[in-house]
Structures are given as structure tokens and as C-alpha cells.
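The structure that follows is given in the form of C-alpha cells.
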Amino acid sequence: MTVIDLEHLARAQQAIVEAGRELHAAGQVPATGGNFSVRLDDRYMAVTASGRHKGCLTPADIMVTDFAATPFGSSLKPSDEARLHGQLYEDNSFIGAILHTHSRAATVLSRLESSATLWLSGYELQKALEGVTTHEARVAIPIFDNTQDIAALAEAVRTRLADETCCAYLIRGHGLYTWARNMTACLRHVEALDFLFECELALRR
Amino acid sequence: MTVIDLEHLARAQQAIVEAGRELHAAGQVPATGGNFSVRLDDRYMAVTASGRHKGCLTPADIMVTDFAATPFGSSLKPSDEARLHGQLYEDNSFIGAILHTHSRAATVLSRLESSATLWLSGYELQKALEGVTTHEARVAIPIFDNTQDIAALAEAVRTRLADETCCAYLIRGHGLYTWARNMTACLRHVEALDFLFECELALRR
Amino acid sequence: MTVIDLEHLARAQQAIVEAGRELHAAGQVPATGGNFSVRLDDRYMAVTASGRHKGCLTPADIMVTDFAATPFGSSLKPSDEARLHGQLYEDNSFIGAILHTHSRAATVLSRLESSATLWLSGYELQKALEGVTTHEARVAIPIFDNTQDIAALAEAVRTRLADETCCAYLIRGHGLYTWARNMTACLRHVEALDFLFECELALRR
Amino acid sequence: MTVIDLEHLARAQQAIVEAGRELHAAGQVPATGGNFSVRLDDRYMAVTASGRHKGCLTPADIMVTDFAATPFGSSLKPSDEARLHGQLYEDNSFIGAILHTHSRAATVLSRLESSATLWLSGYELQKALEGVTTHEARVAIPIFDNTQDIAALAEAVRTRLADETCCAYLIRGHGLYTWARNMTACLRHVEALDFLFECELALRR
């Protein structure tokens, strides 16, 4: 029998609703882009349903799925990319929340950088990322080529992240995935990374 | 006898008032630029009157005209470009709403691109446009040279769009026209297209 | 005996307070930059006192001076540049309101353009400027070198504008002066000109 | 016996809370970046505790320390960089408030400028800085290389500022420190300096 803690689910939904409002106001999720999730336990997550505008979510727009993205107790369709969230929760027990955003800087920088890694260094704000303690560190952000085959992309991410420590990756011409132990820390990752991407774009001009 | 459904008109006016507030806040309609419409039936549309500031419209600023832009039951003057809206409704029965905006990116990019088509490809956010299902598609946005002769421009649009499938066009140094089945979808088109125009400008630098 | 219509003054003060709020929110008057005025009659104007933050003006921050910038019935110090407002009212009886703003685009473009005139053409939004009816017009915006000698600057403006029709001028590295028959039209000039300056900067890159 | 004026402390905390809200809205303190202080007397300051998000501070997030950054009557941890505030208060009795911000322009410009000084000249808005009376002045903003050794940085600042008059310095790839007689004047410094940094970046392109 599957049991979901309903109070936990309600808090997760509320955290996602508020994250959507903040991220839309910050220009991180234009049109109906982006998707967000919170881990419920070791098998289930709360995740945004497909096609919702992220600036005006309600709890009813946030559904429960397992990590394979199969809906649980809901007739809604999850975001196409829900499996990318599930892969991260499966492989990393510390992850409590995941945000996928589509900023201008992430979109442009991931196309300008033709290699498979964006390197960031020399920025004090790197320290806002979990595990980074100095501006002298070189922070690697893996870049994956975009594809509409989400299952294949999830496998590519799994393979690469087995060997690399990071707190975010980019999909080329598409956007950012970042994760943290909870939603508050994850929102700070988005804020810091987008700042760093904009600085990096300006420095490359 | 001409009958307009007054409830339908009131909903159309309300949708246009709210779109104006959202688009002005997003910097899409500086000064009194831009004009917006909603289809009422197969002969009439609700359209913004000339010269109104789009950030603070009231229902009284939105009038009824036929598709030739002749006012119906109103002494207001319609937007000069109302005929461009009428042409699109005449030729495309699926269109329910049309937005014309003047963003910086649309203005600049349409001048930098000297050919008659802006091509977009490789962006995930293309999928926010109706009919586009992959970032691998090449999306064509026709560009027309600007003119103060609106009747001639409407004919040029009619001729070109008879042969091309698209959901938007640009007028050079002027702005964007985009359309969709309803106002919500049309607002998403503006949001997605302006994002793509800004990315494209940044990539071309 | 000098008589000021107090109701007229109260409306002028209110218009200036609201303009300040709108222009500060739009990034047009950083720090305590900028100054604003409304004509009261053929000898007096209401003008912002020196050093006020324009985002949070109250009616008490807006004083009466004559066109030589001599205070009338107030112990406040007018903006250093009040004489530039007075000169325009003296020479142009149609002017009802004047706004001086300090945007990034006006500051940068007036330094990049080394000649004495910024020419704008090919933009539909030119039509938001009083007297411009087509994008095909070439709109001249005079540029004056900056100086701390305001009396000399006022004379230089007077001399040049005797021969040229325009609705705005730039002071190099400093900002924009624009005027219109009333405050609403003048705010639209600021909005349109700053849009055009940003487009022009982007096109020149 | 140490006596802190509790009404003074409450006003200082309120000023810092409001500064945080304004600066976060203006994009000056992404993630949990930045730190702020107000002088209490000739030995103590009120300063932000470590790791707080600056957009939603409460008085409880603002603690008392001496100028060596030793907490007084609080179990909170002060910002790592509190000693940089203390050094400025120790050496300059006129300073009433200090703001440290992390804007994109400050971060990028301090990396692009490889020398030890950023020079600003030709901008009218320079006059918003205390002690600057003309656009013809050359304003020096010292730049220090970033380091995680705050004590060493405080000494480097002390040594250099003993010989130079300025109202702000930059830390490379990190951000801005600026100070003034009170918080209102200090907020105007941030607003003016960030404007000037953005203009300077645009001019260098």
C-alpha cells in the first residue's frame, strides 16, 4: 500500500506555487516554460503538471508521480521532463527540491559555449552554490545537447553525473536544472547561477 | 440586422484591458504604441481605439468594428492598424485574438535582419508557439517593410500568408503581430517570441 | 500684485508627484537626478526643489519660481537647472510641462554620438513624438555639451532652438530635456525617446 | 559597562531592513549576497547576520558587534565581511552607514578593468557622490583583488585609503563597498554608482 503524507504534500505544493510566482516575476520561466518539483519520500515527488503558466500556479496544478514520472492518484499529465527530476531524486538521496528554468542568459550562454562544460571561476557569488567555499574554485556546469527524447537525456545525465560533482546542469538552447536539499536553497541556486551566467555573457562580449 | 452578443463583448473588452496591463508592465507597448483585438463573430471584432495608453485601458477604450475597420455603434476612431487585424480574422477562421506589440528586441532585430524572413531554430522555447513540437524545427517569421499605407500592407500580408504557415510576423522598425485561438494563447506567443528575439539578438552580437 | 491660482498649483504639484513616481520606477531618475516642471501662467512655473529623490516627492517638494528661476513665496532652493525650464517656457508659449531625466541610454548615447545632433529615422515609434507623422521622417535631437554654467547653457539652447524645430534635446553625459503641451504628453515623450535611444544603442553595436 | 541606546539600535535595524528590501528589488543583492551596517556609536555597529536573504530581513537578523566584528549580546554569526565595515567606521568618524552590494555591473566591470583604479569622468551623475561638484572631476574608485582572507583585505583597504579620498571601493569579481553619513545618502551612492558602472560598461563595448 502506498501512503503519501498529505501535510507534507500540501507544504510541497505551497512551496512550488510560491517558487513559480518568484521565478516568473524574475523572468526565469517565460510562456509556460519550466517545471518544478519537491521530493515527498524515497519513491514519490510532487511535480508541476504539463503546460501550466508558472506565474499563477495553484496547488491543484501540482501532482504526485513516482520517479519514473508515472502519475499517482491524478488524471493530470506531468511535465514532459518530469523523468529528469525523478532521475536526480533516484540517484541522490540528499536532494529535496529541483527547479528547471528557461532564462535568456542560460539559453544564450549554453549555445555560445560549444564544449560540454561551462566553467565558472573568479566570482565571489560562486559561494552561494552548495559546496563552493571560495572564488578561486573552478565550478563546472555540465552542458547536454537538447533532445526531445527525455528518457535518453535522463540516461545521459545519469551516466555523466555518476562521475562528476555538481549542483546544476544546462541543456543547450533550453535552460537550467538545479537542485538542493530544500526549495529555499534551490531558489538561491537559480538566483546565483543566473547572475553568474549574465556576468559570464557580459565578460565574453 | 446586426446583433452583437453583449456578454461576449464584455468578456472581450475585459481580456483586452488585462492584456494591456500585462504587456505594458512587460515593456511591450511603450508610449501609446500597440493595438489589441478579440474576434466577436464572423464579421466583427473588439479592438482598441486609437491613441490610448495600453497600460491603463478601460472597457470604454475598446470599440467594435467590422473586419474592414469600420466602426459599429461607436464614435471612437479605431487604431490606424485595425485593418491588419481584420485581414487576419477574414482569412483565418481559427484566430480568436491578435496582439500587436512594440518591443525593443522586435524593433531592433527586424532592422538588423535585412532579408524578408527571420528564421528561429535550436530553441526549446519555440515549442511555446502553436504547431511547433521540437527545437529542431526551423520557424519562419515573415518580415514586412514598414509603411504608413495600411491598406497596402494588409494586402501584402494577405498575399504572403496565403502561401506560408506562421503564427506571427514582424514589421521592420515597428513591431510584432501575433495571433492565436484565444487571448491566453496569444499572450504566451508574445512572451515566447520576445524571449526568442532577445536571445537571437544576443547570439548575433 | 502677483496672483497664483492655487487650484492650478495643486494640480501641477500632483502631476509632478505622479510623474516622479512613474519615472523613478522606470529607472529614468537615479539617485536624486532629474527635475520636472509645469507651467502655471505666462510668468511662473511649478518646479521641483533641489536634491529631492524623485521617486517619493510630496507637493511640499514642488515650489513656484518665475522663468528666471527666482523663488516666489518659498524658502526652498529650486533645482540648479530650473533656468533651463524657464527658458523653454519663455520662448514657447505652447509648452505646458517639461521633464528632465537621466537614463542610462540617454547618458551613453549622448557620449557615443560625437556630433551636435542625434538623428533618428526608420522607427514607427517616432510617431509618438508631437509633430511626427511617419517613420520616414528624420527626427533631430540636438546635443549640447555638458557644463555647470546653467545660464550659459540656457543661452546656447535659446540660440539653437530659434532655428530648429524639435521636442527634446540631450546634454552630453547628462540626460534628456523634453517638453509638450501637458504632463501626460510629456511623459509619453520620455517613454518613446528612451525606447528609441535604447534601440539606437543596440543598432550601433 | 557597555550601554547601547536601544532606540538608536531599533532605528538602525529598521533602516537596514528597508535598505535590504530596496536593494534586493533593484537586483543589487542576489542570493544571500551583500551585507549592510549602521554605526551605533564610537565602538559598536548594527550589522546583518551571516547568510540572510537581504530582500526579507527582519530586525532579528541585524546584530550588534564591535568594530573587530565580535558579537555583542547575540549568539548570531555576523557576516564574514563585518570586519570590512568595522575598519571603515574605525578610521572615518563621519561614516554613519555602509552598504556592500553585488550587482552585475560591479562584478563585470571590476573584472574587465585590470588596473587598481576605476576612473569615472564626464558624467553629470557623479555629482550624486558626496564631495563631487562637477562632471569635469575625475572620480577614482579603488579596486582590490578578491580574497577569502578578510583581515588581510581590511588592512589593505586601511593602507590605501589613508592616502586617497573616495566614497567607495570595488572588490574584483565580488562587488561594491560604499559609505556615507547616513543610510539615505548611502542608498543614493549605490544607486548612482551602479548607474555609472552600467554606463561605463556600455561605453567600453
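Read from first to last, the chains carry the letters A, B, C and D; within each, the first residue is number 1.
Note that in this section contacts are C-beta pairs under 8 Å (C-beta built on N, C-alpha and C of every residue); 3 or more make two chains touch, one makes a residue touch a chain.
Which chain is which protein? Per UniProt: A, B, C, D = Methylthioribulose-1-phosphate dehydratase.
It should be emphasised that the depicted structure is a prediction, and the values quoted were computed from it without experimental measurement.
Trainee: As a multiple of 5 degrees, what angle does the CA superposition of chain A onto its copy chain D give?
Mentor: Resulting rotation angle: about 90 degrees.
Trainee: How far is the middle of chain B from the middle of chain C, if each middle is the mean of its Cα atoms, in Å?
Mentor: The computed centroid separation for chain B versus chain C comes out at 33 Å.
Trainee: Just how far, in Å, is the C-alpha centre of chain D from the one of chain B?
Mentor: It comes to 46 Å between the two C-alpha centres.
Trainee: For chain A, jot down the residues that touch at least 2 other chains.
Mentor: 205
Trainee: Which pairs of chains touch one another in this structure?
Mentor: A-B, A-D, B-C, C-D
Trainee: Spell out the part of chain B that touches chain C in their complex, as residue ranges.
Mentor: Chain B reaches chain C through residues 30-33, 53, 102, 104, 107-108, 111-112, 146, 148, 171-175, 201, 205.
Trainee: Residue numbers of chain A touching chain D in their complex, please.
Mentor: 122-125, 128, 133-136, 188, 191-192, 194-195, 198-199, 202-203, 205
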